[in-house]
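Both of the next two complexes hold chain A, though its partner changes from chain B to chain C.
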Partner chain A sequence: MDKLIEHLWPILKQITGYIYPNEIELHWGILIVIYPYITGLVAGAFILASLVKVFNVKEVQPTYRLSLLTALAFLIVAPMPLLAHLGRPERSLEIFLTPNRSSAMAMFGFVYAWYLMAVLLLEIWFEYRRDLIIWAKEGKGLKKWIQRFIALFSTDTSEKSVEFDKKAVKAITVIGIPSAFLLHGYVGFIFGSVKANPWWSSVLMPIVFLFSAIVSGIALVLLIYMVVTLVRGEELDIVCLDKLASFLFYVMIVDFSLEALDFLHRLYESEESIKILAQLISGKLFTSLVVIQLLIGMILPLIALASVKLFKLPVELRKHIYFVSTLLIQVGIFATRWNVVIGGQLFSKSFRGLTAYKMTLGGAEGLLVSLGFLILPLLILYVLVKILPPWQVKVKISSN
Partner chain B sequence: MDKIDFKIKRREFFGKFFFVAVSVLFPGALKGKKDEKGHFVRNTLREVSWGMGIEIDKCIGCGRCADACKKENDVPPYPFFFRTWVERYIILEGGEVIVDSPNGGVNGFKPRAEERKIIKSFFVPKLCNHCDKPPCVQVCPVGATFKTNDGVILVDSKYCIGCRYCIQACPYGARFLHPETRTAEKCTFCYHRIVKGLVPVCVEVCPTQARIFGDTKGRASPLVRFMRMNKIRVLKPYLNTEPKVFYADLDMEVK
Partner chain C sequence: MSLPSAIFFSKFNSFFDNSYEFSYNVTPLTMRKVKLLWNRIPDQLKRLLIPVILVIGLFIAMRHLFVPSDFGKYGHYRASAVEEVASKEIKYSGHRVCEECHDDIVEIKKNSYHRNVACEVCHGPAAAHTQDPEGNQLLAPTGRGYCPLCHEYLPSRPTGFPQIVSESHNPMRACISCHDPHDPKPPTVPKECEACHADIARAKALSHHVYLSCTQCHETPPEHKVRPREFRPKKPNNREFCGTCHSKDAPSPKEIPRVDMATHGERYMCWQCHYPHLPEVH
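On to the complex of A and B.
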């Protein structure tokens, strides 16, 4: 057993003040940081896709399919860090088979399955059905069969059927928006409903999670769109970029306001926990919260995006600003998740002391596995894009 | 007289005969009652709800309770895992509070050399509060942690998936993850002992009887008497978990 607890000894020396002895081991590590980060990207990317279909924002059409595929790629990976983090992963199916109805976490399986099966897969299927049939007709070899299979061997490309597809996509998107809200709002609820933890316990938590999710999703799709288009040697659609950046800017304002409200509310109410939380923010969480989340991940991109709106900047400069801003936003949102999950466990529930988090390099909950979970969705996205090209069909046919 | 006696005996005899006959013919009919969670419930004459009283002024901080608990319940012998532990509070002139619990108090406490004047100092034994409204039971996704019908919070280690949501939900830091089984662990009030009519081992070994174990509902239990005779407080009452570990003369600094 000595080996199993080796990593805990050095933490003993880093404790300040008094913490309950069982609190020395910090239980939700980097994997649980990744989980809300990834589901946030899923929800955000889907909300972006719904802008096109439900709210008829024609300018962002070039990113519609890309955002659907991005959402799917990340959704496939979303449960993996959770599974890897379980003490007894072989029993994970019990969450589906014998869920405890009073547990917020028990709902995970159902929310996840609903979102994957009833929303994302269906919408992608209806959206791609006609194209798949056409590509399968013209393609050959294994890819042809994969595409035929994904189209579920449907062959009807009549106008009537395509019209039905369009209607179906719209209907699913309408259901999809509240579902995406549910998916990520629910993740926020898992934290927000823990009354034992004053850093988490907040009714605003699901809403803050949601808006930061939309911010991260739009920023990610924008980033992927820029990179992919440049790699393909195509021209970036600047109208689309401007529109996306504009949405991003407004959602960030809302997100920032909500977080500021949360902060002010805590400060003004100044409950029992305020002393230890202040110690936390000014100490162990200062770099990740104030520097990375707030300055680098929020204020800097906000200023950059605002300057695009205020001044008539040249196209090239705008592209650079968008690229850097979305990159910074990703870092910022990741830090946001970190500060919620890790930050919430760094202080003792005795409100008398702080502990430390030591990430390991290897192991199921180590840095390498975590990086794997962050890279894996991009690989899945690559495969998805190969099978289901998100760009105009014409381009695809001419290149064949 | 003799005849009447005999009649009663005969009635008893038939009663017992019937009982045995039924149990042989229909063994299923004698299965115990189950509660809403499907756990067998022992028929007791009155409802029991186990709890514990702790008299702060009697605790001398010897740590025998924490030590005995580790031995009785095979708690890993490292300073990161405790089903019960003892905290020492030192309140200095000017109001500064120093709290410590080296190795959970298992080895007792060494005197501290304080330059400033100590106003008061006391020990506080801690353990799972076996809340009447347990947040850990509420959040367990698979129902592996549950409340028995006699009011004890237990973990089914064969069912726990090790998600550690219960550890996050416990306001008292009473839970840990067993490093070998990778499942949640906590104080059981020594359930294996109390079902045999014994008291939890921490109560058994306490040299000053600072811990009192008993039924919170019974009229004549030592715990009820303790609760009647003392001014008692529970930990973090504002969280509405309704703890069943009651402290007498608890200082406001204890959280």
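On to the complex of A and C.
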């Protein structure tokens, strides 16, 4: 009891106006912020990969495999914050074994499984199969066996079979695009369909989520590509960077317009909640929404990327701009998720008061665990890159 | 690679690269058709079949092992759970059983405000008592802690529902010393409005308006005390009403603050700036 009071007392002091007793403590904390953030990165990274295969954007080819592996690494971690938040991970099996078709949340398991197994793993398998056979032939020890196992002991590297692989990759990517839309659109749907919460309840939510996902995914792959290439001591492909930044810029404009539309729509509708929402934006969410999400995460990178397009800047400066912009975008998109999840719980259903969110350092839902979930995908990506190196692509393609 | 594993993988791979010899006991024609069909499937798809079959097989096996056989018979739950719950010991008897013996209480309660409060809400589970009335006596709460569970003042409770602030409502006295729980109408109906509008009364207590009776501003039909939502008190609806005390030429005591009604506040109503129950706060 004393511990509970110790935890609640600082929150109680920050409450303004009138709130209901069960609104003092937020039910969805930082773990639920991380979940849509990571899922968005997955969807965005995959959409970037589809640019190469479906839309034939040859310039971004160097990031194709990297974006697939990034999507996989982050997808593996995506449900973990949810499981940590719910506290009984073994029960998650129930959503598969006894599916509840009337629950959008329960259906996530199937959306996730479809995307993981029918899209991402299959595409990676077809994409890497031929290389895996070649690497396994040349390799030694455990790595050789792992690569043979991943290739399902396939040995056929004939032109016909490689041709089939290419066709399969293209077909899967075509199916993958609506699947990626489904995966992240679904996350937006979960929030958008909470009709009791005016901050969430909006049909635009899935679309806004989707575009912010594409923004974050492209920005992340661009960032990882830059860091990894620099660490490897290789030369950055500036044509690829320019093209990626160009796509990033256009998607950001769409994302910005959608968010502005959502904002204007709410403002014009001026439903009964508008006063408390205005209070929320100008008060408790001012730093994370106006300063971080809008100014640092959207306007600044937009200006930076626009200046690259408008002026003929030197290559080195462009690289620096891309690096800083993608970093800022990551911070901005994380703030977007924060503002949706935490912001939606900060105001009372009475529309007469605001509560506060206090994050703990330790514990299953604390800051340390959350940082762990943000670092874990990068570690998984490191292992994936070791087993399935993505940067021989360029050599292979030029030799083909 | 050791010899046994080499043999295994050559057999394993021959299964996919169309050199595997099928030896089932079927007619040569069917065999040829199957083989033809099998050979047309690309090697990759054949290999992928293994994990696909494994995943589907695992799913079917887990469903078989972990999902109770009667799940989904009535709805999204285990059908036998209904029987399990039904077989639990019954602790409540329901008010009809009580009324069979306690007809004197029924008589008192039937027209009271508590007519819809079941006996066991206050007296607790009575199934054992109905089986053995002498051996299992029921108790009723006699302290001040129980009634406020429903009757303590809470802003979210409906207007008109009898509420008290137990700290100031006859402190130290047990509720049942004034109220008969079976017919809880107070000995005298509250004369003042604060019995229900405690929050307003508390605000007004801090203000100079404490000396005004509620009815001076709110013309109230007497039925309001019995059916508060149907018979509502009136509210002042013009500036002149406040002016009867606060205008320059009002015939009220001279210590009351005055304003020039023609210029003060212009077109606004008085209560848009001054909360009438506590006008000292802006």
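In this text, the second predicted complex is superposed on the first by the 381 of 400 C-alpha atoms of A that agree within 3 Å, B and C clash if a C-alpha of one lies under 4 Å from a C-alpha of the other, contacts with A are read in each partner's own complex, and residues count from 1 in each chain.
Everything that follows uses one rule, which is that contacts are C-beta pairs under 8 Å (C-beta built on N, C-alpha and C of every residue); 3 or more make two chains touch, one makes a residue touch a chain.
Fair warning: this is a prediction, and the values are worked out from it, not measured in the lab.
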More chain A residues in contact [chain B versus chain C]: B
Touching partner for A:349 - first (chain B), second (chain C), both, neither: first
Which superposed partner A:164 touches (first chain B, second chain C, both, neither): second
First (chain B), second (chain C), both or neither touched by A:24: first
First, second, both or neither for A:98, with chain B first and chain C second: both
Which superposed partner A:8 touches (first chain B, second chain C, both, neither): first
Which superposed partner A:125 touches (first chain B, second chain C, both, neither): second
Chain B versus chain C as contact partner of A:117, first or second or both or neither: second
Partner chain in contact with A:156 - chain B first, chain C second, else both or neither: second
Shared contact residues on chain A - chain B and chain C: 18, 20, 98, 100
Partner chain C, residues of chain A touching it in the complex: 18, 20, 93, 96-98, 100, 117, 122, 125-126, 129, 152-156, 161, 164-165, 168
List of chain B residues in touch with chain A within their complex: 76, 78-82, 85, 87, 97, 99-101, 103-104, 126, 135, 137-143, 159-165, 167-177, 179-183, 239, 255
Chain A contact footprint on chain C (complex, rising order): 9, 12-13, 16-17, 42-44, 47-48, 50-51, 55, 59, 62-63, 66-67, 71-72, 76, 155-156
Sites on chain A touched by chain B in the complex: 1, 4-5, 8, 12, 17-25, 27-28, 85-89, 91-92, 94-95, 98-100, 102-106, 108, 190, 194-197, 345, 348-352
